[in-house]
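Both complexes shown next keep subunit A, but they swap its partner, so subunit B is in the first and subunit C is in the second.
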Partner chain A sequence: MDKKNRKSRRVLGILIMALPVALFVLSLNVGSYSIPAGDMGKTLLSLVVPSLRQDVPQVHRDIVLHIRLPRLLLALAAGASLAVSGAALQALFRNPLVNEYILGLSSGSAFGAALSLVFLGRSFPPQPAAFVFAMVAVMAVLLIAGRPESGLVSLLLTGVIVSAFFSALLMLVEFFASPYALQSLFYWLMGNLALAGWRDLALALPLMAAGLTLLILLRWRMNVLSMSDEEARAAGADVRREKWLVILAATLVTAAATSVAGIIGWLGLIVPHLVRMAVGADNRIVIPLSAALGASFLLAADTVTRSLTSIEIPVGIFTSLIGIPIFLALLKKSKKVWL
Partner chain B sequence: MIAALCLCLQLLALPYAPKEGATTIRDSLGRTVAVPERVRRVLSLQPEVTRIIVALGAGPSLVGRDDFLARFDHLFPLIHPAQAGLPVVSAADGFPKLEVVLRLDPDLIIASPSEAGLPDLLQKKTGKPVLAFSSMGRFEDLLREILWVGAALGRAERAGTLARFLREKLEAVRRRTEDIPAERRPAVYVSFWGSFTRSPVGYEPVAAAAGRNLADGLLPSRLGSVAVEVSLERILAWDPEILLLHGNYLPGERTVNVAGVLSDPRLRSVRAVKDCRVYYTFGFWHWWDPALALVETIMLAKLFHPERFQDVDVVREGNEVFRVFYGMEGGFDALRRKLEIPDGPWR
Partner chain C sequence: MSLQVRSLAYSNKNFTLRLDALEFAAGRLTGIVGPNGAGKTTLLKCLGVLLPLERKSVFLDGRDLAAMPAAHRARRLSYVPQEHVPTFSYTVRDFVLTGRAAHLGLFALPAARDAAAVEEALEFVGLRPFAGRPYVQLSSGERRLVLIARALAQDADVLLLDEPTTFLDPRHEVEVLGFIKRLTRERRITVLVTLHNLDMAVKYSDALVFLKEGRVHAAGPPEEVLSESLLEDVYDIPMRIVHCDGHKLIVR
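Entry: the complex of A and B
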């Protein structure tokens, strides 16, 4: 029975890992502008074989190269980043309710974007300010709370307080904003991938890739760090250094994702739980599978929102609307919270 | 205890009691409000109405202004220079500072109908008559609004003159273009509110100028003109012949500009970009300026169908509209220079 269980988990794990690739191919063929499947292949080839370009309409190349590819890559990277960040912090804080925004990151980045949109001039992109203030908020939490191994509860509480502080600052900025700046800000706050371009991804993608690589490499240590500090030390872990590393890497990927995609909620809470329900709580498996499932979840949600209607619905709304009922249904079915 | 507190607060709220000789006005929300026969002091929290008040020649009766007009409206200081001395009482459409309102002691307050409950609450709190008006971006409602505000301020005759002028000008554009078949009306994409992918649904100046606004129909028309976000792919699939960009921003504040759109690699296969038919327009600026909405329609008509408007000098027409509405010479030209709107085929 146990052997059968292990086998089915392995199969499930392989399916989850393969899911982003399958969804990527599917999503590349979906959009408001219809490109026949045969033409899509030719268009993709023409991106690497210049001699084929004359056979492919310019509009097909522009849509694939400048609209769909950056958007799909951002969905994959941001989905993976938010899910892995949530999984890592849940393991670290030994708390299933922790999410990727718990250390004040979302309110910090929202405040940064608001400052940029409202005061720094409308032609200045909000992404750099969102990233900087996300990092500032988390650094403020870490500095105020002190050493991460000494009091995880105090770290979480400080996160709540710093979040509240930046939320108040955000409201202050909103109060002084013009209605037109507010519209841009609200749309950004709802989270969307619609305007992703290569320029936006040039900085964010390497940061997400670096942070994700670090977190995936540290996944072995997360099992140790999720024990008590004494047990972790007995197992040979440098608790302080490793916790700092995990927190910084999780902050880096979340801040990079949020700066280009806006605030996409619930992904870091729901996806790791779904993975744990499916394959258990071993972080060596949970972390890479969270990356794959998070990437797939955001990619699928974005594909649905951009193809359902002519109107662009922010994907952040959709991830919450769809993710929460799925999560609740599975939670009720499994009747337990994994960690 | 909470109930008792609520009761006390209710009793403390100033009830609005109409005085004798009041005129009854019906507003955009269908509320019937008794307004004093002579309104000497008026407070408008709705920028569109404030501009209409100035057009009606009642600018000197304004006792305050909203924050949008004070900080972001580039036309209002031109049409009503005295506005600089008026106190700011609220954000546009927002709830005003009650103590300032009571200190200013207006005979009439005009608010926006889009903020649910605000007019009734304001009337209850201040004891002043509060009307709610907005065109919601429709010409018929704009005409009605001008007449309603005129009636409320005892300037029905002037309001009638303005409404007639506006209607005649629109009718003149319609007569010149009415026989143009649908397939010869250009497909137009309008980018508004600081985002290339945000577009107004039900945008009447485009239709009145015999163009086809591609975002029309994405939402029910009963909502008036509202903004929707559309995807870049959708814009490419529409393949508009003309791209219009919101030009009400000062050049330094524009997120979306003509040069940026023309050089965006994602848009290079769009007909309008290939043919360099990307232009600034005016449109909403916290709802309409009635004069500017009319000039915009004339400008777009010449842009869409230059062969039918060869004899029309848009700048001269624009200045004429501003003279009729605001009594100022060269008003449209002054705004055009301030916003650095370049000449185009509409000229």
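Entry: the complex of A and C
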């Protein structure tokens, strides 16, 4: 029974890891302009084999390399980032309901990025300001709520308060923004992958990759840190230092993702939940599978929203609309809040 | 490994713990007893450096405990809390594996060596068949044993246990204390354990430390220190010591 169970979990794990690759290939071929599969292959190959370039129509190259590819990469990276930072923060705060939204990370980085966009212009990368204000928000939450082990309610309540504060600041920024800036700000804030080009990704992708690598490397340590501070310390962990490292990495990926893709809610809560339900609580498995499932989830959601209707619905709205029912169903099914 | 207190002081708002020279002999089981609020758990947490410990107050084989790096210290000394409040549903095996943190770098994953230490620790407490089960599904007696197994997997030679038998029925109480006693005999582990049940403390301990109001009232082997007048001094109620089948029983 135990062995059979473990085997089916392994199969499930491999399937989840393969999912983003399959969805990537599928989504690359989906779009308002249809490109035959053979041409698609040639276009991609022309990236690495320059001699193929003359065989490929310029339109194909433009669509694939400058529209679809950056958008798909952003969906994969942002999805993985939000899901992994959610899983990491849940382990760290010993609280399966914590996510980047509740800790004020999302609203902090949204405010920072908006501030940068409105007052420093589009040519200045918004990531530094997003990161700084995300750190300010999470530090404010931790300072007001007290120690991480102080109860769930105080943490959630503080998160709501800090998020509300940053939302007000964001509205202030919007108030001072020019109508043109306001419009792009508005679309971006709703969670939108359509606006990103290579120029925006040049900084955001490496930042997400760096933070994700750090979090994936720390994955077993999260098991240790998810015990009480006292137990983790007795086991030999330098609890303060290691917790800050995880918080910094989680803030970095959330800020980088939010600054280019806007606020994409619920991913960091639902994806780790689904993974834990499927394969158990061990973060050695939960973290990589959350990355794969989060990437798949956002990519699929984006592909659906951009191909379903002629007017593109921002993907952030879509993830919230389907995320909340999924979360409620999970809650009802598990009969308790955590798994 | 001998654990030596030279002079230990800890105080918070309404409590002060102050100990002068006290030595816990290697490979012995020392029971720490005393009334509620006497400072038993505080003493244990100070020795485990879970509460701030001043330098040059406690020495492990001549080395200053407060000056040792956390991972270094954890390889020599492990601590078993009274209980673990579970949040995530780890399997018993993954749970015990967290005890290996001191032997692994920050970015390292547990290797075969660590898995072997876990299996061995579970074997010792007789919970190997439970390795794949979720910790949250275990009974409180089994949970105590898993906590002990985690400390064993840590592979330290000093073990601090905070009231490992509270809320256990008599059978599990004897079982847990039996395992702890075996650790001192079979592995020469130095064990310090806080206990509420005086009969059990007398029966299992090689040495007893009586704490009262943050001070050591008496310390030594049970047969030397235990007396009716001491018990009345420490607990403020009259008690009698009755000999029965070669055991000392304490009657209130």
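Everything that follows uses one rule, which is that the second predicted complex is superposed on the first by the 274 of 339 C-alpha atoms of A that agree within 3 Å, B and C clash if a C-alpha of one lies under 4 Å from a C-alpha of the other, contacts with A are read in each partner's own complex, and residues count from 1 in each chain.
By definition in this document, a contact is a pair of C-beta atoms (placed from the backbone, for glycine too) under 8 Å apart; a residue touches a chain by one contact, two chains touch by 3 or more.
Predicted model, so just to flag it, every value in this text is computed and none were measured.
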item	value
Partner chain in contact with A:A181 - subunit B first, subunit C second, else both or neither	first
Subunit B versus subunit C as contact partner of A:S32, first or second or both or neither	first
Contacts of A:E231 with subunit B and subunit C, given as first, second, both or neither	second
Contacts of A:Q58 with subunit B and subunit C, given as first, second, both or neither	first
Partner chain in contact with A:I311 - subunit B first, subunit C second, else both or neither	first
Footprint of subunit B on subunit A - complex, ascending	31-34, 57-59, 62-63, 66-68, 121-123, 175, 178-181, 183-184, 187, 192, 194-195, 197, 306, 310-314
Sites on subunit B touched by subunit A in the complex	68, 71-72, 91-93, 193-195, 197-198, 218-219, 227-234, 236-237, 249, 252-255, 265-269, 286
Residue numbers on subunit C that touch subunit A, as the complex places them	45, 48-50, 70-75, 78-79, 81, 84-85, 87-91, 94, 97-104, 106-110, 132, 150, 154
Subunit C contact footprint on subunit A (complex, rising order)	2, 6, 91, 94-96, 217-221, 223-224, 226-228, 230-238, 242, 245, 276, 280-282, 284, 338-339
